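Heads up, the next two complexes both have subunit A, just with different partners, subunit B and then subunit C.
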Partner chain A sequence: MNTPVVEIKGLKKTFRDFWLRPVAEAVRGIDLTVEKGDVFGLLGPNGSGKSTTIKLMLGLLAPSGGTVRLFGQPPRSRAARARLGYLPELSYLHPFLTARETLLYYAGLSGMGGTAAKRRTNALLEQVGLASVANRAVGGFSKGMARRVALAAALVAEPELLILDEPTSGLDPIGTRDVKELIRSLASKGVTVVMTSHLLGDTEDVCSRIAILSKGLVAACGRTEELLTRKQDARFTVAGLDEAEAKAFAADAAARLGKEVSFDHPRVPLEDFFAETVGEAR
Partner chain B sequence: MRRFLALARSAALEALAEPLSAVLFLVALLTVPLLPVFHCHQFGDPARLPRECGFSALLVFGLVFATSSAVRVIGGELASGTAAAALARAVPRPLFFCAKIAGVLLAFAVFAVAVSSATLVSVAVAEAGEIQAVAHGGSRAWIPGLAVAVIGPLAGFAIAAAANRFFRARFCVGAGIALVAAQMPALALVVVLSPVDMAWNMLPALGVLALGCGVFIILAGALAVCLPPAVVTTGIVLSVLSSFVWPVRAIVPDMQNFWLVDAFAGGGMPSAGRLCTALAAGLMLSAFWMVAGSILLERREIP
Partner chain C sequence: MRESFLLTLRALARGHVLTVLLAALALVHATFPALVRGDGTADGAREMFLRAVPGSVVALVLVSLLSCACGLFARERDLHRLAQTVIRPVSSFSLALGRWLALCTAALLLLAANAAVVAVRCKDAPDCRHHHSPALPPPAVVARQMMEEYLNDPNTPEAVKKAPRRAVLALLTNKESDRYDVVPPGGRISWPFNDIGLGADGAGTGVLVRVCFASAYSMRSPVRGTFILGEAAATVSNDTQSVVDIPLAGMASCTNGLVFANAGKDSVMLRPRRDLELLLPADGFMANLLRATLLSFSTAALLAAFGLFLSAALSRPVALFTAMVLVAVALMAPSAIEQFPDELNVSLANRIGLALSRGVAFLTSAFAEPSPVADLATSRCIEWPELARTLVMNVLVLPLLLLGMAARIVRSRPLSAK
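Then we have the complex of A and B:
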């Protein structure tokens, strides 16, 4: 039996003040399992415990109860952390380092050095579209550019588990689309991704499984397709049907089935429309 | 080792990239060599004022540089999230702490070398009574050394500005390195032209003061793990000014009544015993705060 990439059992986290009095119960007993190759979305409103759960997974916070295992090991173990990449919610970067130096820094932290680190850095700079500004200090970058650097830094050690906290935050629609394509491409290569996002559309597009957190508990968890599909309803798309023909078709179907039938015209997702428009303008 | 080097390098750059560091470098390196020009009193010992000023510059500016850099590199990174981004990787926390401290110590070493060099130049110039000699038509052999010592820092800034303008090099880091590099020709000129012996016997004393600042770097870094940066900086500066930090008095005592300074009066120098005691105290405190900082960081939660 394969070991889950992430296994969380009865996880609790209570923040305490200086006098050890409980201040906030951020996570109140979470059970989650993420298997290899999953793109797992952690959703929830502000204060639901998403970021706290991520930090518990990374070993940055100590749990008040329950356990977290990464690749079957505690999150503070070096062996587990050597196999993961992390993109924080805000792109915490050293402003005085250039984009290239930042990636070399993170390559160094992952134990890479010399030619391998330089080659990987150059490849990532190309991949995130920052090769032309590789020698500029990241302190002068826009939020979107800094996000791309942080994303490249998360990928520098070719992780098996990628933890992304709001990966598309600060990115324009084209950048958002690139990131989503990157996540899909990584997943197809067997990389496990755990991500949080406030943008439900982005999560729906890329996540194979989701968990919705509310007040520190898992309110819903499962395969995205299963959770969102209403199997008791059916929707048809017929190409080349105008308004009058569609109405007639709906009336005919309603009479035949003895059930209410509605129809609408499909819409192009705004993201696709934007990308096409900007692409044409360019 | 690669992890250690990556962390130490970023810490050294962070310490030098701060504008405050460049200002401290410049002020210290202009003040010390200029003293022989401006001083009006010799107290019967022409080298005393530049010597004590050199000690003071290394100690006072060094403490400000040491404390602010260590607090920024450790506390600032913990507060800003760059530490979390690093510690989420396979970086042991004690390694993170020790490497960051090593980086700040390296940056401080650059400062200490520059100030020590400026002090040697200044003392040599004063001892030869060069300014008085020139005023009375005497030898001008000292002018090049003094001129380079004074012009050097300004030239260093100009070089750093040009590198920033044309090659996008980091200005403050470039200025720090250029200021140190500019000291070396001045020292070389003075060594070659000096009609009196160089005061090399000051080097152990300057080393002890640098060691004292080094202890403060580690102390400030350890405290910054668990206290807000502003609290650590204010606390340490107030403690030093008040001489309340009893454990480090052995090496950084009250400058008004300081064995290290007093020992040089009348051409003497500190005894080997006192220097060894100071060295032992400094190393012991360094080791203690290094271990304490590592343990504090190991136990700390990083929200």
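Then we have the complex of A and C:
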């Protein structure tokens, strides 16, 4: 049996003040399992415990109860960290380093050697579209460019588990689309992705499984398709019907089935429309 | 470690810290010599220059380095950058070690630049000299013997016998350190010196006797007499100077120790442990400058490690405040201890203060004791064994200990991932 990439059992986190009095119970007993190749979305309103769960997964906080295992190892073990990549919600880069130096720095910390690190850095700079500004200090980058550098830094060690906190935050629609494509591409190569996002559309687009947290507990968890598909209803798309024909078709179907039938016209997602429009303008 | 080292070095260089410090160093060297005045002699002017200029630069480098060290971990943690570093498969110790090595490199660069300018300015400075004190048993040993005698003496008051042994011992040790030898008019006294290599042919020439005539109570009176060391002798006639260097004429040897024959009308009081030294020729000024630079570097290395330790444990302002307070207390503690030698007669509050001062002085002796600038200014030879001991402690043992503790804190302290 394969070891789950992320295994969380009975996870609890209570924040305490200086006198060790409990201040907030951020996570109140979470059980989650993420398998290899999953793109797992962690959703929830503000204060639901998403960020705390991510910190606990990264080993940046110690749990008050329960366990977190990454690849069967504690999250603070070097073995687990060698297979981990992390993109924080904000980019937090060293402003005096260039984009290339930033990636080489993180590659070095991840144990990559000189030539391999340089090759990987060049490839990632191409991949995130920053090759032309690779030797500029990141302190002068726009938020979107800094985000791309941070994403490349998370990917530099070719991680098997990628934890992304609001990965599309600060990106324009084209950048958002690129990141989503990248996530899908990584997942197809067997990389496991755990991500949080407030943009439910983005999550729906890329996540194969989601968990919704509320008040420190898992309110819902499962495959995205299963959770979102209403199997008791059916929707048809017929090409080339105008308004009058569609109304007639609906009335006919309602009479034939004896059930209420409604119709609408399909819409192009705004993201696709924007990308097409900007692409044409360029 | 390499990444951490390069990152810190780039931060120091691109954050203009090194540039500003080099500019400050140039400014001090350009302006201070015009501001400080000696006693009118070339030696006095050189001594004032050496005390004021390199001393200011070393102080500036140490304070700046400590300030930078206090921010390294704390600033990265406050800016949420540390979280991205520690989730990598890298040991916290190598992160701390890399940062410390970068700070040491910067300190070495600045101190070397300072030494280079001093070397050019003081190229005709006199050679340095070994300083030897009389070979007397340590004050604590003498104090212990005295205490045994007191306790066995039936005339000793009961109050003294019942007093805490540690306090009595501390009191007697202080008294022995400051003990005066009294030489009556027409009298002689001899102080032993260990074999200090005066026996070879031609050696023993160029020996000076340094005598400090200023007592703690400022009761100096005219001194007339002769110092004799083997076949060498020198007369002294002093009315005004508090410290006198007396060159011995003839072949000196230590067989009978240093003898003083009082030819004056009044008794002469000298503290052998504080007021008497034999000065022997050592090596050149440049060699001493190199040793002084290494000694300053050892202090910088220790302070950098200490700052990193505080930085790992505390936020930047708190770390910086704590570091500065501790440095100030470390520098003041020895004089606080000297001001209150009599532990039996002070109040409880003073005794607590004294105990704290002693504790701080003990813990910070590795930082506070070396005085390379003063040694350089007074042409006192910094001895290689003393330097080696200080380097081992300040550049190896204590930093590794502090960095180990810093790494443990970095590893175990919760970090925000926001």
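Going forward, the second predicted complex is superposed on the first by the 282 of 282 C-alpha atoms of A that agree within 3 Å, B and C clash if a C-alpha of one lies under 4 Å from a C-alpha of the other, contacts with A are read in each partner's own complex, and residues count from 1 in each chain.
Note that in this section contacts are C-beta pairs under 8 Å (C-beta built on N, C-alpha and C of every residue); 3 or more make two chains touch, one makes a residue touch a chain.
The structure displayed is predicted, hence computed values, not measured ones.
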- Message: Please determine, from the superposition on subunit A, whether subunit B and subunit C clash or fit.
- Response: clash
- Please indicate which partner A:Pro88 is in contact with in the superposed arrangement: first for subunit B, second for subunit C, both, or neither. both
- Message: Under the stated touch criterion, which partner chain does A:Leu61 make contact with: subunit B (first), subunit C (second), both, or neither?
- Response: both
- A:Phe96 contacts which: subunit B (first), subunit C (second), both, neither? both
- Task: In the overlay, answer first, second, both or neither for which of subunit B and subunit C A:Asn135 touches.
- Result: first
- Message: Tell me the contact category for A:Asp165 with respect to subunit B and subunit C: first, second, both or neither.
- Response: second
- Message: With both complexes overlaid on chain A, does A:Gly113 touch subunit B (first), subunit C (second), both or neither?
- Response: first
- Using the superposition on A, tell me which residues of subunit A are in contact with subunit B and, in the other complex, with subunit C. 55, 58-62, 78-79, 81-82, 84, 86, 88, 90, 92-94, 96-97, 105-106, 108-111, 137, 153, 157
- Show which residues of subunit A lie in contact with subunit B when the two form their complex. 15, 55, 58-62, 78-79, 81-82, 84, 86, 88, 90, 92-94, 96-97, 104-113, 135-137, 150, 153, 157, 163
- Would you mind writing out the residues of subunit A in touch with subunit C in their complex? 51, 54-55, 58-62, 76, 78-79, 81-82, 84, 86, 88-90, 92-94, 96-97, 101, 105-106, 108-111, 137, 153, 157, 165
- Message: Give the list of subunit C residues in touch with subunit A in this complex.
- Response: 2-3, 6-7, 10-11, 14-15, 79-81, 83-91, 411, 414-418
- Write out the stretch or stretches of subunit B touching subunit A in their complex. 2-3, 5-7, 9-10, 13-14, 17, 80-82, 84-92, 168, 170, 173, 301-303
